[in-house]
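So that you can tell them apart, the chains are marked A, B and C in the order they are listed, and the count of residues begins at 1 in each.
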């Protein structure tokens, strides 16, 4: 049943997925790196919230900002410490490094905190609903949509109106040439990772908001989502990532409603089958861009 | 006064030595060319000066400072701009944004508008396409954009790697005319070209490279007399080994 | 002293012997010592060697990272136990199993073969189109394969008991079995590497265009390597299933994949020596770290115990190796035995470098 409730949920999911995909593509576009540690940034956000509750009482919004800040810092640090030294080796080395960082972060959470889920504080609004057109809609979903649009708007401003943003987009087109124009490579990459961390952090707030808890492996599912949404949108295009995220969110919700129960469990498998098909037949994604990617 | 001075550089690609003791110099305001067949080492020389490659021997001095081994960003900030082979403009950025990035090393905004106006005067076509994505431009327009972008940084030395490559004869005329115009405006230029006759017609001096070494250097007249240019191109010398080495 | 020249076929394949002999020695010593714990560790070591060799066969030769090895291990595990378990055990553990499968029971060795073959079959059917892709696209599609396999294993409850543990597998795998098959697959991996397919694959890894221009069908070469890799992984999975006797689908997912990757990368992905050396070293390291973990946990120094310590050390080690010595401990070479000199000298395999970043 396509009700308002369903629509809001689907778009809310799509908004979250769009931010998620964007965070992944912004790094991939420049470095060609699929960052396996990306999902862990959501985990870090969640655990930061948890840790903050152990200290003096702070308003939730402050904790949220701090938690996202930790995600940004983590993203920046993983690049500085783990990826930068390996950058000049091969792409495969970077991939494996990101996988190692992912394992490292997950087990660090296991070790330092606990293998068991930990409760995460939520603002009161997350459990409230608004009544729109006679139907009850969770405010959390509305917030997700609004926050995403805000962030996307800010990012567009950054990317189109500032020199840094232009440099980021240029680096995504042609990293080598960007350097040859005198743009410091490390600065561009650090900014990209910071933005990636920011996006993952914000998504993290809403992600842990669904269950009000965080586990060491909570990053696995968002990582997969980021993969799929990124591929759907064409891995090089920032706009494509956003569109891909929305498409994924909406399709995923639709499948949830339309598929018979028996097949529903295989929903994830279907999405990854779509990933494979897209990469095989339309690697530039479903969005037509000015570039095209390379294939053997 | 020598703006650029390259002394005896040796550059390796893996097991192959692409440059074997190349030396050249460019004075302020000069238009100097590197000519030679494919694989002679012309592009390698430019790439090394620009910081993309590191020589394991020899030095590169620019305005009194040693630049060999420095990063491309540093070298660009010092005033050397390279227009690479294949143009490499940013396809998803607009013409204006491409130019904006060319001016990155300069920083301030007010000058940007003035510089763009200057570029539009030099390249009227770009003026019409300022808001268009770089990827939608034709080959010749992209070449112009690449040069304009490099000029945006007000370089002390402009290096052009095969600017006429892949262009139709009419456009080739335009490119050489443009280079000549820039030269007369006082831009110091180091040009790599395979189009020997057109090149020798406009340059002050040239270096004929072959298999990673400078065979002959001097004025166009000198080169025409001593360079056995046709021989090098058509294989009189019989030194085929050099042709297989990468640029 | 007179130097004896061994026959050509031995010195040509000296790498295989240099690796096989110490492995046999390890096995013999373990058997003689007779300690159960050590025997278990070494048995698993040999299975891990096969798995890392499976990874090496594809990744070392084609240069493409394959996350699917863990998935094929799982297919082999479940595939083989479905045929080796007694009908009674199957009826108890897998009540929804299809009747013809419940009835069937085959000898252990046959079930091993079946496990490998089913994995190879799945790879054969699915993988050909994937082999066209390189770099990031190739890695993502193969990774997607792993996810799909995992989802299927987790949800096809009739066959696998779903996300729950599958019980009732007979313990058939012992030290002797794994030793024998480890040596066998070592030979297979070596043979493949030195075969024309292996050579062509490595040529294409270093320069795809050049290879294609001399007529090498890159896709077909990769495909063969992938299917072989799947067979080996499936076989190893079958061996492991009959060792551990109860398991769930999550044993064949990312955590396992991390361990295999660590073993191969630390050892050196460009040859079978790296696979073996890496597996042995990492196993030793892990067991050492594990015992530290256990001791700390038992003495209750830390309130919630030391969990994940082993993995953290492994991850850090992996990152350090990638930064300092990306070609692994073996550094792109194979162990050889030139006459009179036991050492690392030998043909240098140039590690592959992907294109510019």
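Couple of notes before you dig in:
FYI, a contact is a pair of C-beta atoms (placed from the backbone, for glycine too) under 8 Å apart; a residue touches a chain by one contact, two chains touch by 3 or more.
Predicted model only: the values in this text are computed from it and were never measured.
Considering the contact criterion stated above, the chains in touch with subunit B and with subunit C alike are A.
Two chains share more touching C-beta pairs than any other pair, namely A-C. Taking each chain's centre as the mean of its CA atoms, C is the chain most distant from subunit B. Distance from each chain's C-alpha mean to the overall C-alpha mean is smallest for A. Separation between the centroids of subunit B and subunit C, computed from CA atoms only, is 51 Å. A separation of 32 Å divides the Cα centre of subunit A from that of subunit C.
Centre-to-centre separation between subunit A and subunit B, using Cα means, comes to 42 Å. The residues of subunit A that reach two or more other chains are 176, listed in rising order. The part of subunit A that touches subunit C in the complex is made up of residues 28, 31-34, 82, 85-93, 95-97, 99-101, 103-104, 106-111, 114-115, 175-176, 216, 220, 224, 227, 231, 235, 265-266, 268-269, 272-273, 275-276, 279-280, 283, 293-296.
Residues of subunit A touching subunit B in their complex: 163, 166-167, 169-170, 172-174, 176-185, 237, 289-291.
Taken in their complex, subunit C has these residues touching subunit A: 63-65, 129-130, 132-137, 139-141, 143-145, 147-148, 151-152, 154-155, 208, 218-219, 254-255, 258, 261-262, 265, 304, 306-309, 311-312, 314-316, 318-319, 322-323, 326, 352-357. Contact residues of subunit B toward subunit A in the complex are 50-52, 71-73, 76-77, 82, 84, 88, 90-93, 97-98, 100-102, 104-105, 133, 135-136, 149, 153.
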